[in-house]
Amino acid sequence: MRFFSDNAAAAHPKVIEAIAQSNRLDTAYDGDAWSARLDGAFSALFETEVRAFWVATGTAANCLALAALCRPFGGIFCHRDAHIEVDEAGAPGFFAHGAKLMLLDGPGAKIDPGDLSAAIGRIRKDVHQVQPHALSITNASEYGLAYRAAEVAALGAVAREHGLGFHMDGARFANAIVSTGESPADMTWRTGIDALSFGFIKNGGLNAECLVLFKTELADEIAVRRKRAGHLSSKGRMLAAQILALLEDGLWLDNARAANAAAQALAGAASDRLAYPVEANEIFLRVTDGEAAGLRAMGFDFYDWGPGQIRLVTSWDQDGGDVDRLAQAIAAL
Amino acid sequence: MRFFSDNAAAAHPKVIEAIAQSNRLDTAYDGDAWSARLDGAFSALFETEVRAFWVATGTAANCLALAALCRPFGGIFCHRDAHIEVDEAGAPGFFAHGAKLMLLDGPGAKIDPGDLSAAIGRIRKDVHQVQPHALSITNASEYGLAYRAAEVAALGAVAREHGLGFHMDGARFANAIVSTGESPADMTWRTGIDALSFGFIKNGGLNAECLVLFKTELADEIAVRRKRAGHLSSKGRMLAAQILALLEDGLWLDNARAANAAAQALAGAASDRLAYPVEANEIFLRVTDGEAAGLRAMGFDFYDWGPGQIRLVTSWDQDGGDVDRLAQAIAAL
Amino acid sequence: MRFFSDNAAAAHPKVIEAIAQSNRLDTAYDGDAWSARLDGAFSALFETEVRAFWVATGTAANCLALAALCRPFGGIFCHRDAHIEVDEAGAPGFFAHGAKLMLLDGPGAKIDPGDLSAAIGRIRKDVHQVQPHALSITNASEYGLAYRAAEVAALGAVAREHGLGFHMDGARFANAIVSTGESPADMTWRTGIDALSFGFIKNGGLNAECLVLFKTELADEIAVRRKRAGHLSSKGRMLAAQILALLEDGLWLDNARAANAAAQALAGAASDRLAYPVEANEIFLRVTDGEAAGLRAMGFDFYDWGPGQIRLVTSWDQDGGDVDRLAQAIAAL
Amino acid sequence: MRFFSDNAAAAHPKVIEAIAQSNRLDTAYDGDAWSARLDGAFSALFETEVRAFWVATGTAANCLALAALCRPFGGIFCHRDAHIEVDEAGAPGFFAHGAKLMLLDGPGAKIDPGDLSAAIGRIRKDVHQVQPHALSITNASEYGLAYRAAEVAALGAVAREHGLGFHMDGARFANAIVSTGESPADMTWRTGIDALSFGFIKNGGLNAECLVLFKTELADEIAVRRKRAGHLSSKGRMLAAQILALLEDGLWLDNARAANAAAQALAGAASDRLAYPVEANEIFLRVTDGEAAGLRAMGFDFYDWGPGQIRLVTSWDQDGGDVDRLAQAIAAL
């Protein structure tokens, strides 16, 4: 019974079906009929004109965006626990040619606007210190918290005041949207986001994420950078097809709802052990080593997350019986 | 009737089937059961111990290899018409941090060992001139010629003499193997190749290529560089599954045989118009603008390739009737 | 009797004196009184508002300019024999993060506007091929030819038409100005130059060159890049002092006049052996190996420059007697 | 009366004299007679065979060393207050192609071996997290503390255990040597240092630092990287001459002794206000805003260093009367 990662879950059957359907000769790269529909589909979803680029991984989406928002000699604010800082092997430094990640603290891997302002204030405005060019936040956060649109807007105001580009790592964007009930538009460009890494792989996709540009004047540059990073697939239609399948009839929302609901069921059984509020599909529990061992002995798979803490992640296809069993086991600890 | 690119062809049904079969929960990234079989499968094929890494594009395979074989301050010899020079948006400069491509001429996009030696000899051995660190060849070449193992060995000898890493871009490796009848081992590590970009996408695959390391001590570095470039897919099993499907029962060779045979059928009808010998699945024909227009009016799709020349490419799934019709049309010009 | 390089000549006594005079406590980096005078001095010289940055080497001046004029994913046109291509250890690729040098031919290391246009025309306007962002020329050229302002303007028109930044490597700018009689303004910004590497080191300076920006909006970026490349000297006043000493009373022009005159004296004695017209302070002579050996046996130092050719370079402090002796020796060959 | 930076002080008269003496034709770059003496001079000083490279700035020395000790995909441990992190405009990320600085805390900008071990232990050994390749310490530290050889050795042991290269930023190496009485050999290679940025500019030099390699197999690479970064001066003899002048008769030690003594005189008058022990030539004092204003009104120049703290720096040429006056003023606060 696996609760270790949404990353490793199966893709939704409609995604596999879409790949099969897209498997016929078409123009190579992103000149095909499927890829051509992306801009329109995302523009409709976000209620504004956007440019949408499929890529194969979240790291690629994040770092292409950051490279376009931050010159090589600039800095990017992010949380100390951000995926781009902790889990991408230094990819931001690679894609952005040595640009510097500037780390902020904050509970639950969320950034506070006041902390951001203060950090900017501590940087001398001279050539000796790296000047910030961009801000990146993760929504839902690495600890399963969802920024509300108003919170994003407050950060966006600071970013705008200081001329920072604003990126959202939305590896679990769907979970955040479902959790907060905010509209995709309110959560992004209306609150100042320039570029969104819109995650599908953790939410029923196979290997397609989408980089959505609200700052559309970056589109030409992103297209070149994507190719230059080896991310322009010649049969890109199979990436577009996955994304379109998940957008259709709101499948992406259904999947996220299922994952979030499973997380809520677990949270309900463990309210006194929660390290963070459960707002998306991740649950962080305080347990003893013995308790963790006990759960594992019962067949539950999950990661340790520092001393005395474990992480449970639920997926779009999480088995309901497994969730019930785990909820009971936690309650019985 | 399309003869413009093997790049855009459909994937083989067994590849799609393999993707569907691999679509269940497993360990993420390359820890899954499919990915774990790659080293063994390629070691068997190449009759030596190798390390094999799936990646999503040929550009990624090429440039990860080059970055490992050439320090940022070094140079990489390649042909002036090499894909890495002409069609990868400067990706070698990106992945290898500003390393320099050093261009050689030679008919049919093949490199002559004497020309390579001469070029090395012209470089002053001082800090002012970039020193070469690596050599990259394409087999089959960008003009559809296949290096024989002995030719590769002659280049390998020069490379070894000067301490150059040796990379083969095998986007059409299958076509070269079928064309020459050489063994994969003879064509690669036995003649000095350190790293091979083994192409599957143009030969029935969907979006999986394989970087095969004969210089296995580079494996740890490649693993890190792959992640850092955003090329470590979380559901990598779907990439491994494609590759394994094509290796099984020699499907990769069957596919290449079909493509090469179609090319030979066209070449036979156009022997007096061939710009280069046809040894793989590409045919370059001298035609007038009027003749090209005539062929297009008959429904044949292909690219112009410089003035007075067109390129025809055949794929693993090329329709036999289309080939016959084009052969007749060319013969009738 | 040395004719091998102006690079290795002594500095002018006034330069040494200026260093000594600047040697007292002042604000560090470029906040000192000497550095503060550079913008004004060069703005007066060029008859327009410019920004001027001292750096320690010509390579630094060139590559800082190129990094500001060319994004990492772009290309820079230059001559195949340009210093940035041949003699800077790949520094453009380093400073500009993998940007590509795009090589042009042309007699005497000069670029022809028609050739430039044709080269631009051959590049497909897609994401697969590197798109040009900048053009760099060397004046006087690596073979001692001086572009006239009209020639620069013709190149500038092509650059402007295609949105290319335009850089001039003026390691021997003084020699070109003296040779052509053009004004500094006509030779640069009036004909489209955005940034000039204004050379002093080969012309009586010790270790100070000046990067002059006509496109002044790049100044902030250049200031940061200079620091980031380790080129912001804490006692930068000693660099500024050298430059100011050479600008004062036209010393830079006097020095170049002396070097050019020495070159003319040699050229006059060797008119039937000249590989290129002598327009600055370099002379390329066709000689046999025996003749070269004979000259060396008489005590003359110079470089071989390919088979059957030698290079002679004259400096601001070239001994007149040495020049006469060499002229006679050449005439007597 | 200036106490704001040793960076901005005058050069020692013997340094200026040496520059003048070296000002005659010689071989260019580092082929001259002065540069040729460096390896020997530093090998004698360090009692082992070293390779020594002049460069124009401490940033260049530091970052060339780090680029050679850390691959682009690796990390470099340093203190959060290290010059390379705080004051070099991201130069390590530029020179080392996106390598990551990994920050450690510790009083007085010194790193504790236990903290280092713990930080290494927290990094997962997988491809998702940047793996450390190097360690850099500053001696004397940014807060004027001097590591003892035994402390360096303890760090060196950790570095060796984990395969980390070990770099010392010795911008104030002379002050540390004088302060501790350790031998240069004990302070560096005998305790595990691979590369030392040996500072001269803050200690009587003008614009020459020396990168000393104990790991001599990096010499060829450093030579190339220096050129590629635009740091190979054509009249490098003037840099070598400065260094040799300071090494001669221990002038570098005399200068540091003078600066340290001045610092001690100030420290003696302010013992109850010291934020850190005074072990080199920097004094950090706790003062109120009013007290700082009072000192400035009396003509003393210095920097504020965070709220309620000022930094005083003494130089080799600090006026004794000024020191006495400042000591009295502080005592009278």
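The letters A, B, C and D name the chains in turn, as written, and every chain counts its residues from 1.
Methods note: contacts are C-beta pairs under 8 Å (C-beta built on N, C-alpha and C of every residue); 3 or more make two chains touch, one makes a residue touch a chain.
Note that the coordinates shown come from a computational prediction; the quantities given were computed from them, not determined experimentally.
Chemist: How many hops, at fewest, get you from subunit B to subunit D via touching chains?
Modeler: 1
Chemist: So which of C-D, B-C or B-D matches A-D, with over half of the contact pairs the same residue numbers?
Modeler: B-C
Chemist: State the pair with the higher C-beta contact count; candidates are A-C and A-B.
Modeler: A-B
Chemist: For subunit A and subunit B, what's the span in angstrom between their mean Cα positions?
Modeler: Each chain reduced to its C-alpha mean, subunit A and subunit B end up 34 Å apart.
Chemist: Cα centroid separation between subunit B and subunit C, in whole Å?
Modeler: A distance of 42 Å separates the two centres.
Chemist: I'd like to verify one number: the distance from the centre of subunit A to the centre of subunit C, where each centre is the average of its C-alpha atoms, in whole angstrom.
Modeler: 50
Chemist: Check each residue of subunit A and list the ones that touch at least two other chains.
Modeler: Expected reply: 72-73, 88-90, 94, 97, 127-128, 224, 227-228, 232.
Chemist: What does subunit D use to touch subunit B in their complex?
Modeler: 71-73, 97, 127-128, 131, 221, 223-228, 232
Chemist: Over in the complex, which subunit A residues touch subunit B? Could you list them?
Modeler: Interface residues on the subunit A side: 2, 5, 7-11, 16, 19-20, 23-28, 55-57, 59-61, 63-64, 88-91, 94-95, 201-202, 206-207, 224, 227-235, 238-239.
Chemist: Which stretch or stretches of subunit B touch subunit C in the complex?
Modeler: 72-73, 75, 86-90, 93-94, 96-100, 127-130
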